[in-house]
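Each structure below appears as structure tokens.
Both of the next two complexes hold chain A, though its partner changes from chain B to chain C.
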Partner chain A sequence: MGVTCVSQMPVAEGKSVQQTVELLTRKLEMLGAEKQGTFCVDCETYHTAAATLGSQGRLSLAGQAGKLMYVMHNSEYPLSCFALFENGPCLIADTNFDVLMVKLKGFFQSAKASKIETRGTRYQYCDFLVKVGTVAMGPSARGISVEVEYGPCVVASDCWSLLLEFLQSFLGSHTPAAPAVFGNRHDGVYGPADTMVQYMELFNKIRKQQQVPVAGIR
Partner chain B sequence: MEAPPVTMMPVTGGTVNMMEYLLQGSVLDHSLESLIHRLRGLCDNMEPETFLDHEMVFLLKGQQASPFVLRARRSMDRAGAPWHLRYLGQPEMGDKNRHALVRNCVDIATSENLTDFLMEMGFRMDHEFVAKGHLFRKGIMKIMVYKIFRILVPGNTDSTEALSLSYLVELSVVAPGGQDMVSDDMRNFAEQLKPLVHLEKIDPKRLM
Partner chain C sequence: MADVLSVGVNLEAFAQAINAIQALRSSVSRVFDCLKDGMRNKETLEGREKAFIAQFQDNLHSVNRDLNELERLSNLVGKPSENHPLHNSGLLSLDPVQDKTPLYSQLLQAYKWSNKLQYHAGLASGLLNQQSLKRSANQMGVSAKRRPKSQPTTLVLPPQYVDDVISRIDRMFPEMSIHLSRPNGTSAMLLVTLGKVLKVIVVMRSLFIDRTIVKGYNENVYTEGGKLDIWSKSSFQVFQKVTDHATTALLHYQLPQMPDVVVRSFMTWLRSYIKLFQAPCQRCGKFLQDGLPPTWRDFRTLEAFHDTCRQ
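Right, the complex of A and B next:
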């Protein structure tokens, strides 16, 4: 996978989520991007049952209590499953990992109504792959995700300025800063796990937002 | 950051539960060659395959009396091969006439940071060993003849010592549950290996 930047697009003033998505996709089509199917990235949150740590009848107050584990899927990698901890390792496994999570239900409980996903269209523009999706929790749309991948390059520091220029051409003032994951790898090679970390951070940000964010001053 | 509310509702999978059918036996070191020779004749025609694996067994202790066991296995001689995570359930106590040991099994291929991830989940390593031996196939049946080595210094797979003067022989099939034909076929194959090795259904509980 090439270097990818995942960011959130705030909803245009006076418009709905769907209308903003349409505005964006129309801009992309005018640029000359070609529609290439759909995509979906989803995320399920598990809570380590705090009572599993420590001895009987005593809730452990050790640092591990109540850690959150995210299990994510990306339609770009249909046979894979990504499991990660915030600021922790990201495991890439095959889809049988979901079956294992069912077996582990005594130790890891699914956080209530935590399933969040983004769905939308894929656009190919030369070496860029752009995915604009509606982030939804259950039936309610909560925001817009924009993912841009520059296929030919896997070293973030080498192509960030090019990516930034492309992002500015259709996101304008909503262009994001360089993602934090770019600084994480000591060898600088970008991988699919980094994209999933970015989505996890985006989903967490959107979950915390009470309502759909609007561009401009409120 | 406050944790989201927790519920006991499980997330349902939707995939078929696979079972592992297993027969085990052993041969002394000096009988190994004759067994390999016979297996080469009986099994599917393929290049003789050897393996050298390092397996670590992890436990997650919880409120339940018995801890959750996961096995993480990596190849030491095949660079780039994914790590193999395996869950094995309790043996199905059913038909005493069933010829093989049947237990639920989930096999997952993972990236290399598996052990770090398991530790983060709360698992702790219980024991580890090195397995070195031969692999044969006949249709969906897998036959492994291998020696187990004890690791003398934890984490150092170079200094090992053989656990015994014999090789463990395992005949296994991973298939959906309820297929009694599978255990019949396994029993028939096991008959062909007698008297070199006697493969039988060994209940792990009886060994405790």
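Right, the complex of A and C next:
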């Protein structure tokens, strides 16, 4: 697993999510990238069931309902399942973990309508693996995720400048800042858990983005 | 060729054994001839049968005798020595089809030729160093001191010496670690790990570098059997490019009389790759060119350039 940067691409002015994705993929193909199949990253939220009655654990009562746990899957690692807490450790387990979660219903309850996923195409350019996906919650598309992985390098701090130059070549002005995980792992070897943490942060950001207009209506 | 057969083989007995094989072959063919000819013409049927049986028995006895003689001689001949000087390639001499695939004789000729070449090159360089074209007097003084010492032929160095040189180089640089192993005979195989950037497999022939393969830090350098994999290329284009540059480097750093200096310079050049992903190209200032970082390191100044940017 090489160093990976996950970022969000804002939807272009006056265009839909679909059209922006198409713009991006066309730019990538002009650069010389080759299409290599599809990918999918999804995330389900659980929260620890509190001992007291009445806390059914709606998202608005998140403070009372205990810590949130995210269970994620990544098509790049089809036989694995990732479970992580917000600022806590990340567990990499095999796919039987989902079945285990069903058995642990007493301790972990699934939040309603919490499943969020991103689906899209993979592109390979030299040693870079680029994944452009549409983030969707249920049937509605909420945003665009862009993931770039540089296979040869495993130390995050080494190749950030290189990654940045590549990102600029096709994202232009929407190039993100260095992800927080890069700062944490100073000279350590990068791992898939760090990628999942970045996805979790991205999904949370997208979830918060759409909640604001809903609250206003109420 | 005489030194391939060692003392264990008794040449006398060998020649006698070959004769015994010929005798055995002729007695066996006599048996079959007798059977083919059948019974001779005699007066009575019994006479014919008796004569035939007597002749048949005689022939079988002679076959038995010859076979015993051959067994006795083969025990005297003894086994050829087990340790081939060419190790596994010595087994090529067992190939019976010499006309179509004369691999073994060609291999021996190639070895002899390259050894002679090495020897002559050493003599020539010694003679040429006497007639120095450089103006500084210091060079002359240094080589005059070194010349009286007869240089050992650098192709046949004791493995201990090679180990010592490598371990000294290993201690030179803190971020580079060299691990030496000899899985295939006397040629050393080094696994050089440079920080967390890359791994290099170096195949050597005594103290000369033969081949290098550069792979990523997270790539697997061992085969399924646990041995060092010296053939498969890296799966990343950047490391395939660096492998090509490393091959160019080992052709560039050449000094037949002082191979340890060559290995040292090669390792110094290799060490400059610790900043493979961090250093921008000195000519164009960018990090990426066609998706590759600056993979070329100048041989003298160790500066980073893109492959297409180098002068």
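Going forward, the second predicted complex is superposed on the first by the 194 of 218 C-alpha atoms of A that agree within 3 Å, B and C clash if a C-alpha of one lies under 4 Å from a C-alpha of the other, contacts with A are read in each partner's own complex, and residues count from 1 in each chain.
Keep in mind that, in the parts below, a contact is a pair of C-beta atoms (placed from the backbone, for glycine too) under 8 Å apart; a residue touches a chain by one contact, two chains touch by 3 or more.
Fair warning: this is a prediction, and the values are worked out from it, not measured in the lab.
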item	value
Fit or clash - chain C, chain B, common chain A	fit
First, second, both or neither for A:Asp127, with chain B first and chain C second	second
In the superposition, chain B vs chain C on chain A residues touched	B
Partner chain in contact with A:His47 - chain B first, chain C second, else both or neither	first
Chain B, chain C and vertex chain A (Cα centres) - angle in steps of 10°	70
Touched partner set for A:Lys103, first chain B, second chain C, both or neither	first
Partner chain in contact with A:Phe85 - chain B first, chain C second, else both or neither	first
Partner chain in contact with A:Val155 - chain B first, chain C second, else both or neither	second
Three-chain overlay, closest Cα atoms of chain B and chain C, distance in Å	15
Doubly contacted residues of chain A, that is, touched by chain B and again by chain C	none
Contact footprint of chain A on chain C as seen in their complex	196-197, 216-218, 235-239, 277-278, 280, 286-288, 290-293
Chain A residues touching chain B - in the complex, by the definition given at the top	44-45, 47-49, 51-53, 56, 64, 66-69, 83, 85, 88-114, 193, 204, 207
For the chain A and chain C complex, residues of the former touching the latter	1-2, 32, 125-128, 151-155, 158-159, 161-162, 165-166, 169, 187, 189
Interfacial residue positions of chain B with respect to chain A in the complex	1, 3-13, 15, 17, 60-64, 68, 85, 87, 89, 106-111, 113-114, 116-117, 120-122
